[in-house]
Amino acid sequence: MTPETRRNRSRLAGGGLALLLIAMIAAFMTLGATGNWSFILPYRGEKLLTVLLVAWAVPLSTILFHAISDNRILTPSIMGFDALFVLIQTLLIFFIGSERINILPVQGVFLGEVLVMTGFAMGLYGLLLRRVAGSLELLLLVGIVLGVLFRSISGLLQRMIDPGEFLVLQGRIFASFGGADPQVQAMAAACIGLASAWAFWRLPAIDVMILGRSGAMSVGLSHRRLSLEVFAIVTMLVSASTALVGPITFFGLLVAHATYRMLPGAPLRQTIPVAGLAGALLLVVGQVVLERVLGFDGTVGMAVEFLGGLLFILLLIERAR
Amino acid sequence: MIELKNLRQNYGSRTVVDVDALTLPEGGLTSIIGPNGAGKSSLLGMIAGLQRPTRGQVILDGQDILRMPRNRFARRLAVLRQDNSINARLTVRDLVGFGRYPHSRGRLNACDVRHIAHAIKLVALEEYQHSFLDEMSGGQRQRAFIAMVLAQNTEYALFDEPLNSLDIKHAVGIMQLLRRAVDQHGKTAIVVLHDLNFAARHSDRIIAMRDGKIIADGKPENVITTDVLSKIYDMKLNVLKQQNKQIVDVFGK
Amino acid sequence: MTGSIAADEPGLRAMPVWQPVLALALLALLAVASLLVGSGGIGLSALLNDPASAKLFLVSRLPRTLALLLAGTASAITGLIMQRLVQNRFVEPSTMGTVDAACLGLLLGVIFLPDAAPLTRMAMAAVASWLGTVLFLLVLRAMPRRNALMPPLLGIAYGGVIGAISAFIAWQTGLMQALGAWTTADFSIVLSGRYELLYVAAGVTALAWFAADRFTLAGLGDDIASSVGLNPRRVLALGVSIVAVTAGSIVVTVGFIPFLGLIVPNLVSRRVGDNLRTALPMVAWLGATVTLACDILGRLVFYPFELPIGATMGVLGAAVFLFLLLKRHPR
């Protein structure tokens, strides 16, 4: 595939997806609306914003993660990143209590959470990636079990806090695509914006990570430093998206692979925008078809988990053959 | 000039490389030979700064390479390792383009594009430059990786068994290519080779290793001898002479 | 093929007599503790003199302790059987879709036959988990067996996919909470009259005792099993049936205990090896012991409130699973 055909292809894919997305957003905003437009449009707009933020952040984090971990099955959520974020939120409520947290400025708390999360994730997964890097299967299984462990600890602690606190916590971590607190939304948007800017600045270098550790080093990349940077970016993205809609395991994998299929061998600066568009389209179509047309409220996440889970199984089988 | 000082690499309690002192001046084609597990690849990896020695230093023009900014180092020394599996789908041209990363930081200019095209031409892959690596034969892929190192256009180029999976025509072609780079452009090539006849024919200097230690080091006619070879391979190999060059009868006795 | 091959098993002979005695004493101690510990603490004298206490004891404490013993033993043994049959240390009903399939079956049962008797519901759960397990095994058979970590990976993902279907249905029908209860074991709900189905599980797992040699042989591979005159498919079908019925009855009554069937056989195997005849009694004992201990712990840690065993075992089980994974692959 020549660079020209590839560029044309990614423009075509991007353009097509963008057109479809606009049409779908129009449908999303207007379909099945009865009553006062001045109420419906802002309400749906807020929801749409959440969807778009997540549709951008999750595939971006997944593709970056694929680039540094030198394979295309691992994703941050499969490795338990979002479960870790939930655990940190739970620990916060458990040990500090919502009242004392509510005194603090929301921005500060969010920033603190992201920092703690980044530090913890870097330590833990840095160790893990170094220690068991030899076997992808082991890494996957350890990641999945680690996710289960984090969820179990969160679950255990959640049973031990009093019901009032639990409600506060629930509001913080079990949000669905139904829309998030505007303040959280603004924070998450800022976090995602920052992480994306950072990622795009480093994109030419991250592209080189495809060569693997020694390949990247032999063309002059400080592999270790860049890995840490990308880790931090990924953690910021996961924290923001988890704060918005809660954990979603297979969404990133699904969108990333759809994009890889569309644009084989494309550099990240072409892959990522197309993935963002594809992710947004998937979620908006899901909302329109499942919720507006079929009337299954709140089920987009489950449908994505179902399809993504199947894809994960297929990828595993393909790998084993 | 590259100097190794007290270089040692341990894996657990096993010492795989133990070199007190070695100097690799600029210019010339140096081959490293030795049986499996002699420490050739580890030595090469340490010279390229890809693995950290347990003890000792590798010094490039008076500076410890591990203290050098990686990017500056990569403009002076390029390396091709043995295991070049890439999980992602990549075209030949993209791969070779990565060789220009130290110079352009990922934003290719016209000069980079010229280097890339030239490198692809040198390994005779023009026809396949837009093909994906995973759709090519092992030999073509190997040539693509060699082209990437060539595109990096460094004074030093290190190759770990570059002739792997190449047929005889391309193997000879690559060795002649390296020879030309050394003779006409003043490059320095350091190559791990398994094939003794290739080493004998094309090298200016041969380093023979065994059990992490350097057993012999010198001109081909001094290293490729029945005596030295039996020390490193534990078998008697006849060395014949033809047109003033050594030919090893690799079938042993 | 009924002759015992365990007669000259070294592990059995090497074990001193006092070990099983001590083990059983520990189990008995825990059982007594389980009878006496709870939010309405019962002393021995109250039990004898106060009719209300005696009633509480008979209706709640005794059934709970029995349920713990039955479910713990059965879960651990089903894990062991599956590990032998799949020839993989890391499978158990919750890492191969069996539990999720059982939940799906139960969910459909609740929706389509809302008035069904508990036994019918259990049957539906068992049938669904049988089908789900067999489908998984067929997929597994079609794959090359190179990597020991592949079956649990695939199984967990497979369970997740089935779980997503169940979640979708449960969400639409307002049964999310019930679904959560089936996958998180909680013995505080056990009352006399609501746990007896567990005897089915116990009865079925007792079958495993008689078929132990067959499972051991089947675990050595189809070729070896066939060469000694076993029909590997029949053994597999028997094993899957035992596992399915057990999973069904546990899911219907108390909810599944995560990872118990994984960690117990692994811990036992590290000590005495893989011959089922030696391992079975120890697996049964350790399963019951761990379950009892975890449940008692869950009652005490947050007294007077209770933590369900599903939550405590989730943490403990995942931690031990991680340990087993990383220990087995030292760098």
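Going by the order they are written in, the chains are A, B and C; count residues from 1 in each one.
We take it that a residue touches a chain if its C-beta (ideal position, glycine included) is under 8 Å from a C-beta of that chain, and two chains touch if they have at least 3 such contacts.
Here's who's who by UniProt: A, C = Iron chelate uptake ABC transporter family permease subunit; B = ATP-binding cassette domain-containing protein.
None of these values were measured; they are calculated from a predicted model.
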- Note on the structure: Contacts shared by subunit A with subunit C include exactly none
- Query: Among the chains, which one keeps its Cα centre farthest from the Cα centre of subunit A?
  - Reply: B
- Item | Whole-Å gap between the CA centroids of subunit A and subunit C | 35
- Query: CA centre of subunit B versus CA centre of subunit C: separation in Å?
  - Reply: 57
- Note: subunit B sits from subunit A at a C-alpha centroid distance in Å of 42
- Query: Residues of subunit B that touch two or more other chains: which are they?
  - Reply: none
- Item | subunit A to subunit C touching residues, read off their complex | 131-132, 135, 137-138, 140-142, 144-146, 148-149, 151-153, 155-156, 159-160, 249, 296, 298-299, 302-303, 305-306, 309-310, 312-313, 316-317, 320-321
- Under the touch definition given earlier, write down the residues of subunit A that touch subunit B in their complex. 1-3, 70-72, 203-205, 207-208, 210-215, 217-222, 260, 264-265, 267
- Tell me, which parts of subunit C touch subunit A in their complex? 90, 139, 143-144, 146-147, 149-150, 152-154, 156-158, 160-161, 164-165, 167-168, 171-172, 258, 302, 305, 307-308, 311-312, 314-315, 317-319, 321-322, 325-326, 329, 331
- Where on subunit B does subunit A make contact in their complex? 45, 48-50, 70-75, 78-81, 84-91, 93-95, 98-99, 101-102, 105-107, 130, 132, 152
